[in-house]
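Chain naming follows the written order as A, B, C and D, and within any one chain the residues start at number 1.
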C-alpha cells in the first residue's frame, strides 16, 4: 500500500480545517478586558479600550488572513486527486506557519510600532504564502491534480500566489522606515484575496 | 469551475461548527480559581465564589447564546442548496462576530456594571444577529435556498431575525441608565430563541 | 419541516464530539511550568513538581471522566434515531455542564483540600450524570430510539446512569468531613465506567 | 450489540484527529510577546526574541512530533477494521499522553537546561510511542486489522515503533549529563519519522 493511497484528500482537508478553525478562534484570547479603577466612568473605559486599538486591529487582520487562507486552501484541495508524502508534509509546513500566527499577532498588538514585530508578522504571512504557492507547483509537477482543471485556473492561482508573498515582502522591508506601510499592506492583501478572483486575477482578455 | 460549485454547503457548515464548538468551549478559560488564604474556610471560599458571580453569569449567557446560534445556523444551512462567494463571506463575517464574543463576555464578567462593557456586549450580539439576518435575505435574493422551502419558514425566520437585534439594540441603549435592563435582556433573548419556534414565531392563525 | 427532521443525529454527535475534544485538550492549560531559581538543581525541580501533584491528579481525573463521557455519549447516540428539540437542548445542557468542568478542575488542582472546591467538582460531575441519565429517559419516553434496542441495554444504561450521580453525591456530602473520600471517589467512578459494561452493569443471571 | 460494533473506526479517528488538531494549535499559546521598554529599538527587540529561542524551538519540536504522530496514527487506522473496548482505551491513553505534551513543552521552553524538564519531555514522548506500539501489537493479537495487510507493513511498523521510544529513552538517560544530546534527539526523531518509511524502515533486501 503506497503512501499516496493511505492519505485521502478529505482527511488532510478535515485536519487542516480543524487546525484553521482553532487558530482563528484562539486569536480572541489575546484581548483581555482592560483594568479599570472605580468609579468606572464611560470616558475612562473608552480611553482604555482605545488604547487597545492595535490589539483589535491585529485580531481582525489575522482573522481575515486565516479566513482567506481557509477559502483558498479549500479551493486548492478541490483540484487535488491524490495526496502523497511530499504534499502532506508541505501542508504540515503550511499549518506550522499558520499555527504560529497568533504569536506575531499578539506581538504587533502589544507593540504596533515595533519594527521587528511588524517585519516578523509580514515574514510569517509571506512564508505561509510561499509554502502554499509551492503546494500548487508541487501538485502540478507530480500530477496530483485532477486532469480536468483548466489551465486558466492554475495560471490564476499562480498569479494569486505571487501577489501575497510579494506584498508581505515589501511590508517587511518597509517596516524599518514606516509603520503605516506595513499596516496598510496587512489590511489590503486579504481584502484583495477576498474579492472574487475573476475580478482580480483571472481576466486576461 | 465557478465559486458556487467549489464550496459545498457541508464544508462551510463543518468549518462553522468547528469554530462555534471552540468558542463555546473557550469561554470557561475566563473563570480562574479564586485566590484564597490559609486556612481556606468554607465561608471565605463561598464569599470568593460569590464575588465571581458576574463571571459565571456571563459564561452561562454566552454559552447559551452561541448554542442558540449553532441551532439556528444549522437550521439555516438545511435550507441552503449552494454557497456562493457572497454567502461564504457573510458567513465568515458572522464567524468573526461570534469569535469576538469571548472578549465582551470577559469584559462584562470583570465589570458587570460598566456601561461600555454592557453596551459592547449588546452591540456584538446585535451585529451577529444582523449579519445572520442578512444571510437569510441574501440567500433568498440570490436563490441559493432549496425551492421547496415553504414561505412560512422564511417569514418565521425573518421575524426571529428581527427580534434578537432589536432586543440587543434596546439593551445597548439602556446600558447608560440601568444595568438591570441589559442583563435581563441578555438572559431573556436566548431563552426565547431556545423555545420551539412554532410556539414563539410561527403561529399566525 | 419539523424540528425532528432538521437535526440529524450525526450532526449533533459531531458538534458534541468537537466540544468534548476541546474540553479534554484545554485541561492541560491549567498546568504551568514551575518557577525555579538558578541553579535549577534536580532536587529543587522535583520538589516544585511534587507541589503540583494535585494539578496533575485533577488533569488526569477530568481527562478520564470526559473520555468516559465521550464513550458513553457515543454509545447513546448509536441507539438514537431522531433528535427533537427537547433532546437537542438536553444535550446542550450536558455540554454546558461538561464545558464548565475545567473550572472546578483548576479549583481542586489549586486547592486540593478545600471543601467547597471538592464539593463543587463532585456536584458538576453529578449534574452532568443526571442530565445524561435524563437524556436516556427522555429518548425512551419520546420513542426517539431505534425500536430494535434490546431492553437489557436500556436497563444496563439506567443502572450505569444511577451509579455515577450517586457516587458523586456521596463525594459532595463527604467533602466537609474528609478530603480522601471525594478524591478516592473521583478516581474510582471513571475506572468503573471504563471497565466493560458487561462486567460491571449488565450481568444479572 | 457488542462493544466492537458500537465504535466505528471513523469515529475514533475523527475524535483523535480533533484532539491532535487542538494540541498542535494550543502550543502557540506558550509564546508570549516579550516585554519591551520604550524606545523599542530593533536591537533590544531582537535580544528579547533571542532570549525566547528555547520557546520557539520547543514549539517547533512539539508541533513536528504531533504532526508525525497524526500521520502515523492515520496510517494505523487505515489498517484497522474493528475497534473494541481495549483498543479504544489504548487510544484514549495515547490521547492522554499527547494531550499532556504542552506541559513539558512549556517546561523545556522555560527551562531549556533543566535536567528534570528534559527528562520529563523525553519520557512523555517515549510513553506515547510505547502506547502507540502496544496498539499495533494489540490490534494484531486480537485480529482487529484487515486480513489483507502485508506482513511487511506490520514488521516495518514494529521497527518504527521501537526506534522512537528507544531514542527518547536514551535522551531521558542522557539528560543529567548533557543538554545537547536530548535536544539533538528531540530534533532527529521526528525528522526520521517524517522521511518516507520505505527509505528508513522498510527496505530489507
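Simple rule for what comes next: a contact is a pair of C-beta atoms (placed from the backbone, for glycine too) under 8 Å apart; a residue touches a chain by one contact, two chains touch by 3 or more.
From a predicted model like this one, the values you see are computed outputs, not experimental measurements.
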| item | value |
| --- | --- |
| Far-end chain from chain C, centres as C-alpha averages | A |
| Homomeric contact chain A-chain B: same or different residue positions, threshold half | different |
| Chain C on chain D, rotation in degrees - Cα superposition, rounded to nearest 5 | 90 |
| Gap in Å, rounded to a whole number, between the CA centres of chain B and chain A | 26 |
| Chain centre separation in whole Å, for chain C relative to chain A (CA means) | 37 |
| Overlap residues in chain C, where contacts from two or more other chains coincide | 14, 18, 22, 26, 29 |
| Contact graph of the chains (line, ring, star, complete, other) | ring |
| Interface residues, chain A side, partner chain B - complex | 14, 17-18, 20-22, 24-29, 31-33, 36, 40, 42, 45-46, 49, 59-60, 63-64, 67, 70-71, 74-75, 78, 149-150, 153, 194, 196 |
| Interface residues, chain D side, partner chain C - complex | 1, 3, 6-7, 11, 14-15, 18-19, 22-23, 26, 29, 85, 88-89, 92, 95-96, 99-103, 106-107, 109-111, 113-117, 120, 176 |
